[in-house]
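Chain nomenclature is as follows: A, B and C, assigned in order of appearance, with residue numbering initiated at 1 for each chain independently.
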Amino acid sequence: MKLLRADRLAELAAALAARGYRVIAPIRQGRIVRLAEWRPGAAIETAGISANSVKDFLFPRSEIIDRYSLNGGDFVQKEVTPEAIKTVALAVRPCDAGSVSVLDTVFNWDSNDAFYNARREACTVVSLACVRADEHCFCTSVGGSPGSSEGADAVLRAAGGGEQLIFEPLTPKGRALAEAAGGALAEGEAAADPVAEIPLRFDIKAVRDWLAGNFESPLWQEFASACLGCGACAYACPSCHCFDMQDESNRKESVRYRNWDSCGLALFTLHTSGHNPRSTQTARWRQRVMHKLSYIPQRFNLTACMGCGRCSRLCPNGLAISETCEKIARLCKANHEGGTP
Amino acid sequence: MSIVDAIRADAAGLLQTGRAKLVLGYRNRQGRRAPILLADAAGADQLVYDAECRQNLAAYLRKPEVRQQFPVAVVAGPPVMRSLVMLSAESQIPAGAVTVLAVGENEYHGALDLAATAQLLREKYADPAPDEELLRRVREVAAMSEEERAAFWTEQFSKCTRCHACRSACPGCYCQWCISKRNVPQWISTADLSHGTFAWNITRAFHHAGRCTLCGACEAACPQGLPLMLLNACVAECVEKEFGHRTGYDLEEKPLIGSWRPEDDDGFVR
Amino acid sequence: MNIYKPVVMRLLEAREEAPDVRTFRLEFLDAAARSDFFSRYRVGQFGLYGVPGAGESTFCVASPPTRQEYIECTFRKNGRVTQALQDREAGQCITFRGPYGNCFPMDSWRGKDILFVAGGIALPPVRSVIWNVLDRRSDFGAVTIVYGARTAADLVYKDELEQWGARPDVNLMLTVDPGGQTPEWKGKVDFVPNLLKALPAAANSVAVVCGPPIMIKLSLPVLRERGFSTADIYTTLENRMKCGVGKCGRCNVGPMYVCKDGPVFTAKQLETLPQADM
């Protein structure tokens, strides 16, 4: 099997960069760890989880999807070529790798999004299994696990008490990466260290049953009461994918941006007439939870929440998908046991 | 009685007697503090208060769900108290709608109306101790050349994802149609290119000139670690120097950028 | 292939229907684009009509697939994009993406009586069905059209209303809200749902109902009472849309995407969707 010393991850990055890969890895920037382009000399953070997710590099915050040159009332359409930079997302968490399956489905069901697909095809995802977790992680509650290889082209696993990393290629892209890594990966044998133990925070089945029957519940107002309707959770979330399309121009040219958007933002469903079907934050928080845990599963048979816990860590006001699910699960349990919720 | 016990007792009392239909306070959540909106006196024992309480609860007063529940009570330290006074001066709070559970540096001042809160601020919290580290960084930025400063802020804002957590966290951001959302015309680019992120962050800072109480909620809310307090402090330094204005001490104050005094400097008019 | 890339259309004619409401007649610049569109277009579908620099706006295609020299759309000037569209002059171009969405299952209506109920600016999606039915008149039974607006000036397609009213094989009832009539007004003065009460009991019929939410809300019980089953009442949902192809999430209601599973829904299907989100 392929091995490398855990403190030589940067050498792997350097080897890949030398072979033409743009290397994205978790890098410390001030008080935040962020998935960013690795440059020689940067240390790769293998503990913890980045504030942003691998989604940034497959479905960026803003991109141009159409372009025109303008001349008075006339216009000429220009070509827009989807960007496809050969990339490796190195040492991302398994929850991030798993989210790629959700994004693959959304951007390819019914019609194929060439912008997403170009980046996707050019990207090799290498996840790093988690030997530690924090109190915000809840991947096991939504069908994931700290050692999952879902969505990954290759997996790194700690071995020898953290001194070594096992590199396991899983797909042709992963194998191509192993080959490109050359001498940065050595042959050897090692046993993987145990992955983190992440207790179940809630019973997802009970939660989904409750969601299916309780759209009108007055409890949604309580769940949403502290929400101030920013986009922090949706933007950090690896599987959230809602977007806006917005034209901007000067007299000579116009571009059409595809920008991240969030169902939690007040204007998301606002009609030009002024009617807003989801005019309260309660309705918007409910939509967020339902879309990820009820509607997408119903429609596509996958859960659109990876349990990465970013919403829980980043929400300034203490909301999280996990928090709402835990409250619902406690309620179901109390009802089931005949107590008052 | 400890400060927290006193807050809990007052909160429960206000809810029980109906003098407040909602208490906006802080609770523990996984080792940090988060806002809680209590409607039931029985929940008052969840209330906590310490230096880790960084959200500005005055921001909740723009939520229709909260306004529908007026009168409400708000657990507030000095920066939040100043925000409440500022909002009242800007006609955002109907008379009698808010009771302040006023917490000072080391003491609890009780349940006060806004007039008493403004007076408390004038008497005891008129000169907040300056954050020396922040001031040092402000001077560092001020000492930069124009080009260096532009490059510095462009670099800082490049991490902005336009999630608007800063806006949501800020009590001064109560515009129903934020300028960043207006598209006729599109004042601020929606893209994450520098002309968008730069314009957004600078515009927001300027819209708070003379209204910002340096509560820190915006920087605490930002998921990307933007140095928003540094930006706000640079603006506040200028406001202090040019106008000697500090918001939140006078219910009758006129907003800085919405009013003019004859003695204002007009040396920039050429 | 870029699914977000529009084709270009030329504005042939812009007709003033009502204050701020215009009908655009558009032709495809590219023959391949035109034949691609008409190979797929069915009545009920919508498109995204745009002006580079301003953006795109969603309107139904208000003309039927039986007329292939042009397509039409009718819209009110309301915001940035509709303003930019209405600033276009005949001969200038706009962009178009479509046809998107599902359609009215007209083949299953053969031989049935059809009741059309529309209010105000919601006549356009119904009009494409009416034209399609009239273009294939012998395929269908009795045709009744009940159309109302707030005032006489707000009625759209005024010339066509006259044509439909003059046809012996169409029963047309026009109405304005109380207070909306002018001295010359010859039609009814009442709310649309009230007019439905006077209709004969439904037998082997379908209803197509489009209008402001309040009109739909009050019309549905009357139609049910007249004997229409909820599976035979069709309406179109309007949502804010951006991508039109089921990816941006904006038109998501329950497990449905209005741009893919709609905009045409039966009242029966609507009952399964969260009402509070509509």
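Here, contacts are C-beta pairs under 8 Å (C-beta built on N, C-alpha and C of every residue); 3 or more make two chains touch, one makes a residue touch a chain.
This one's a predicted model, so the numbers in the text were calculated from it and none came from an experiment.
Novice: More contacting C-beta pairs: B-C or A-C?
Specialist: Answer to which pair has more contacts is A-C.
Novice: Going by the average position of its CA atoms, which chain sits the greatest distance from chain C?
Specialist: Computed centres place B farthest from chain C.
Novice: If you average the Cα atoms of each chain, whose average lands nearest the overall Cα average?
Specialist: Minimum centroid-to-centroid distance belongs to A.
Novice: How big is the gap, in whole Å, between where the Cα atoms of chain A centre and where those of chain B centre?
Specialist: Roughly 31 Å, centre to centre.
Novice: Centroid of chain A to centroid of chain C, CA atoms only: how many Å?
Specialist: One centre to the other, that is 39 Å.
Novice: If you average the Cα atoms of chain B and of chain C to get two centres, how far apart are those centres in Å?
Specialist: Each chain reduced to its C-alpha mean, chain B and chain C end up 48 Å apart.
Novice: Taking each residue of chain A in turn, which ones touch at least two of the other chains?
Specialist: In chain A, the residues touching two or more other chains are 244, 246, 248.
Novice: Residue numbers in chain C touching 2 or more other chains?
Specialist: Chain C, residues with two or more chain partners: 55, 79.
Novice: What positions in chain B touch 2 or more of the other chains?
Specialist: Where chain B meets two or more other chains at a single residue, that happens at 183.
Novice: Given the complex with chain C, which residues does chain A contribute to the contact?
Specialist: So the residues of chain A touching chain C come out as 65-66, 68, 70, 73-75, 77, 80, 82, 106-107, 109-115, 215-216, 241-249, 254, 256, 258, 261, 263, 268-273, 275, 277-278, 283, 287, 291, 294-295, 298-299.
Novice: In their complex, what parts of chain A are in touch with chain B?
Specialist: Touching chain B: residues 29-32, 34, 51-52, 61-62, 135-136, 221, 225-226, 228-232, 234-236, 244, 246, 248, 257, 259-260, 262, 265, 267, 280-282, 312, 314, 316-318, 323 of chain A.
Novice: Contact residues on chain C for chain B in the complex?
Specialist: For chain C paired with chain B, touching residues are 55, 79-80, 83.
Novice: With touch defined as at the start, can you tell me which chain C residues reach chain A in the complex?
Specialist: 1-6, 8, 50, 52-56, 78-79, 82, 88-89, 92-93, 95, 213, 238-240, 242-243, 245-250, 252-255, 260, 274, 276-278
Novice: Mind pulling up the chain B residues that touch chain A in the complex?
Specialist: 27, 29-32, 34-37, 55, 59-60, 63-65, 159, 161-165, 167-169, 181, 183, 186, 189-193, 196, 217, 220-221, 223-225
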